[in-house]
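Alright, structures below, take your time with them.
Next come two complexes, and both contain chain A; in the first it sits with chain B, in the second with chain C.
This part shows the complex of A and B:
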């Protein structure tokens, strides 16, 4: 009886939590909608030419009108982003892993990578085009290069943060360095890896778009540049909307992966 | 297995950290002792006296600066697969369930773990974790985690158990409980064991023999046999004989401090 009496008041806080969650979902949407309405009003009432400031309704019209074409252009962008990202992930994990096996290697390579990482990676783009030509290999190389660093650095930090007592336990069990890496260091560093992956995926998109600006005849970056040349500002914004959705989907997929890993780790 | 006689021989062992530098620390002074097969020996001493360093050298995880360690007739160079080590922390893999943690030694050694699942489950039941086989460490209490660690240490049937203050992070009641669990498991499996502790009562309760270590640099200043018959219950802790041995040991430690 006492239990029931004590449970009842909890309905209040629970309902409050539900409202709080609803608010965190509704508030940003409402704010974005208000901004769009304001933009629409300024564009229509201000009488700006469509080339300078298309109204959101114009962007929507362009999006619906050229939806097939925009989606067709999104395919190579997404493909190159994901391929570059995957390559960067494999390279980043492998190189970071290699460093846990050899202190000498780490002392030799790590500072150099940090120095290269300090230079804005986009500055290297023309060089990759000189080396790899105008085409998919150059775009992949740029995406991989730019996405590599956050993954590598996060992975080095993750591997280094591995609980020393776990490693000592493995040594007492006569585990080989390879087994220690595979069974303890790698799983222990996954939370760090996911932090790096989240940064890397957004950078990979940037890399591919910049590469498409410079050297492409397809992709959303190419489409944006072509639309600018044709003064189709509405189409630029429509392409950006699709790009935004593509980026969100990639990020969301990694976020889901991270949650799965958290659950697996019993958090 | 060696029959009667010495199973672990520590011969003029010494350890100095960072020799020749300003941070030079003499952790263990020249120390010799031996442990017979099937014997439970405690290394008792104040915190920081080098007893853990001594144990880690016997485990092959730390290299001695001087001297040698002989286990089962072979000189220690590196960790041996037949030694089970228990650390101060349970050192469980957080992403593995209790039973998978118990099975981890097989994975680490590259041996198939699956055929051992039944044995692991039986061990967990024995230490009172029957309903918790598939819980992850985060869902277990400190005492439960250390029970899982006991099972993990025993599952691959090591012939030598090395325990480094395994219960020092637990509260007094849980600690008594763990001593009882350890005692039961040890009586059943009967391995040679070296147990490091700074608790006098714990050492007396568990051991056949207690080696008292001095403050740093540690060396052995007393070797006291504990005569109680086994199996031992926790109630022997209230007997006058038990308390007499405890005060004798306390006297030895205090004598050193002056």
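This part shows the complex of A and C:
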């Protein structure tokens, strides 16, 4: 199989490419469809109660039946995720930028942040709730806290990846440190930054959901836990479907931003 | 210790000591509400006083995360290898795997609660589920990382597929696999703690939530401190494993 695929382009490039593209598009869809069909078959033929294993069709029915409610609950989740993510982005870039101006500052703070990064940050959620109450501020703080680390670490790595001779050249041409940061270091670090942002957005969603699990009266996390208490597994999965769509949309937006930046840089 | 090592170690430790001292002074001076943020000394006293209970609760968390991670590693690496054997299989499965990697899987915790009930085993299963995907993705990526011409060369020298796999693709994949394991470890801890949050039977997650509900902030901080210890111990375990395996591969 592998041999055939490698020889095809040499024989007929256009035909080979078309076939290849079709394969990469059709195979995953077919696999996902097969998984869903298997799930449906097991749920229906196995005769499991809907509480244990709702069929995909049941989930779809719950999704359509309660679509308004699910979307209403998705609003606070999305709002807190995006706000926390934005705060983390600003903080992460600012703090990482600060480190380029002072070597001592970097030596003093960076290792500490790396150690904190190893710690399971989700476990801090109850502490934030003690500090900030059970409302939006606590959820924002958690999302910011969790999303900050990957952005900061990626940004530090990115700023360090700057070509040293370029910085020296600018310095000898009497560019101010600020201008070097803005025009040389920042553009050089953008690929790293986007890698960090992609990790951060998925973590921000997780942070908000966990916070909503622990104490909340709104949001998709709350709805999921409430549906679990009511043994509405189909509704849990329907809420998760919407959550996945929201999460993937955020991720997709960052991916689009990355592509736009790449194009702007002429890559 | 060498001088550069010392120089690398002193500034962060000094900063940490400075921050702790500042925190202690502020809370002694009454500038911080000690109910919200008790002084480091208070946390330390609480930790010393409740260390028996805390260690007892740390055990299920530690073993749960370790068991979850080891199972996730076995499953992820094995499945990653199986998928990488066939290009068709890989093209079919990989996008679905990436999809699962991107979605917030913690949201499924209540479903696992319904399926597997409460308790240690359920927490381990959930932690396997969360930690599994980074390992799988890393294994698949790693096994595709060997330069194509290495493989062509070996094939033209009539090396068997198994031998190519063991001698070419696996060595290239190892760094990827270990970086996947490192991500997976933190997820495994999160999985167990989240399970303890939701089912609240035992473990450090249970203690953390319990003390938060009772406003016992010093116990909460002591439990978080111990959980950090658990997380770092597990991380260290896999770093050591990485060092050993990579050295074994290098020496051959």
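Miscellaneous remarks
By our rule, the second predicted complex is superposed on the first by the 256 of 267 C-alpha atoms of A that agree within 3 Å, B and C clash if a C-alpha of one lies under 4 Å from a C-alpha of the other, contacts with A are read in each partner's own complex, and residues count from 1 in each chain.
Heads up, the rule we're going with is that a residue touches a chain if its C-beta (ideal position, glycine included) is under 8 Å from a C-beta of that chain, and two chains touch if they have at least 3 such contacts.
Keep in mind it's a predicted model, so treat the numbers as computed, not measured.
Once chain A of one complex is fitted onto chain A of the other, the partner contacts of A:209 are limited to chain C, with no touch recorded for chain B. When the two structures are aligned on the shared chain, A:174 is found in touch with chain B, with no touch to chain C.
In the superposition on chain A, contact of A:45 is made with neither chain B nor chain C. Of the two partner chains placed by superposition, only chain C is touched by A:243; chain B is not. Taking chain B and chain C in turn and counting the residues of chain A each one touches, the greater count comes from C. Interface residues of chain B facing chain A in the complex, by the touch rule stated above, are 59-61, 78-81, 83, 85, 87, 89, 91, 93-95, 104-105, 107-110, 136-139.
Listed in rising order, the residues of chain A touching chain B in the complex are 163, 165-166, 168-176, 179-180, 183-184, 187, 264-267.
Contact residues of chain C toward chain A in the complex are 7-8, 11-12, 14-16, 36-37, 86-88, 91-96, 99, 102-104, 106-111, 113-115, 186, 189-190, 193-194, 197-198, 204-205, 208-209, 211-213, 215, 217, 220-221, 224, 227-228, 231-232, 235.
Listed in rising order, the residues of chain A touching chain C in the complex are 1-2, 5, 23-24, 27-28, 30-32, 35, 51-52, 104, 107-112, 115, 118-120, 122-127, 129-131, 202, 205-206, 209-210, 213-214, 220-221, 224-225, 227-228, 231, 233, 236-237, 239-240, 243-244, 247-248, 251.
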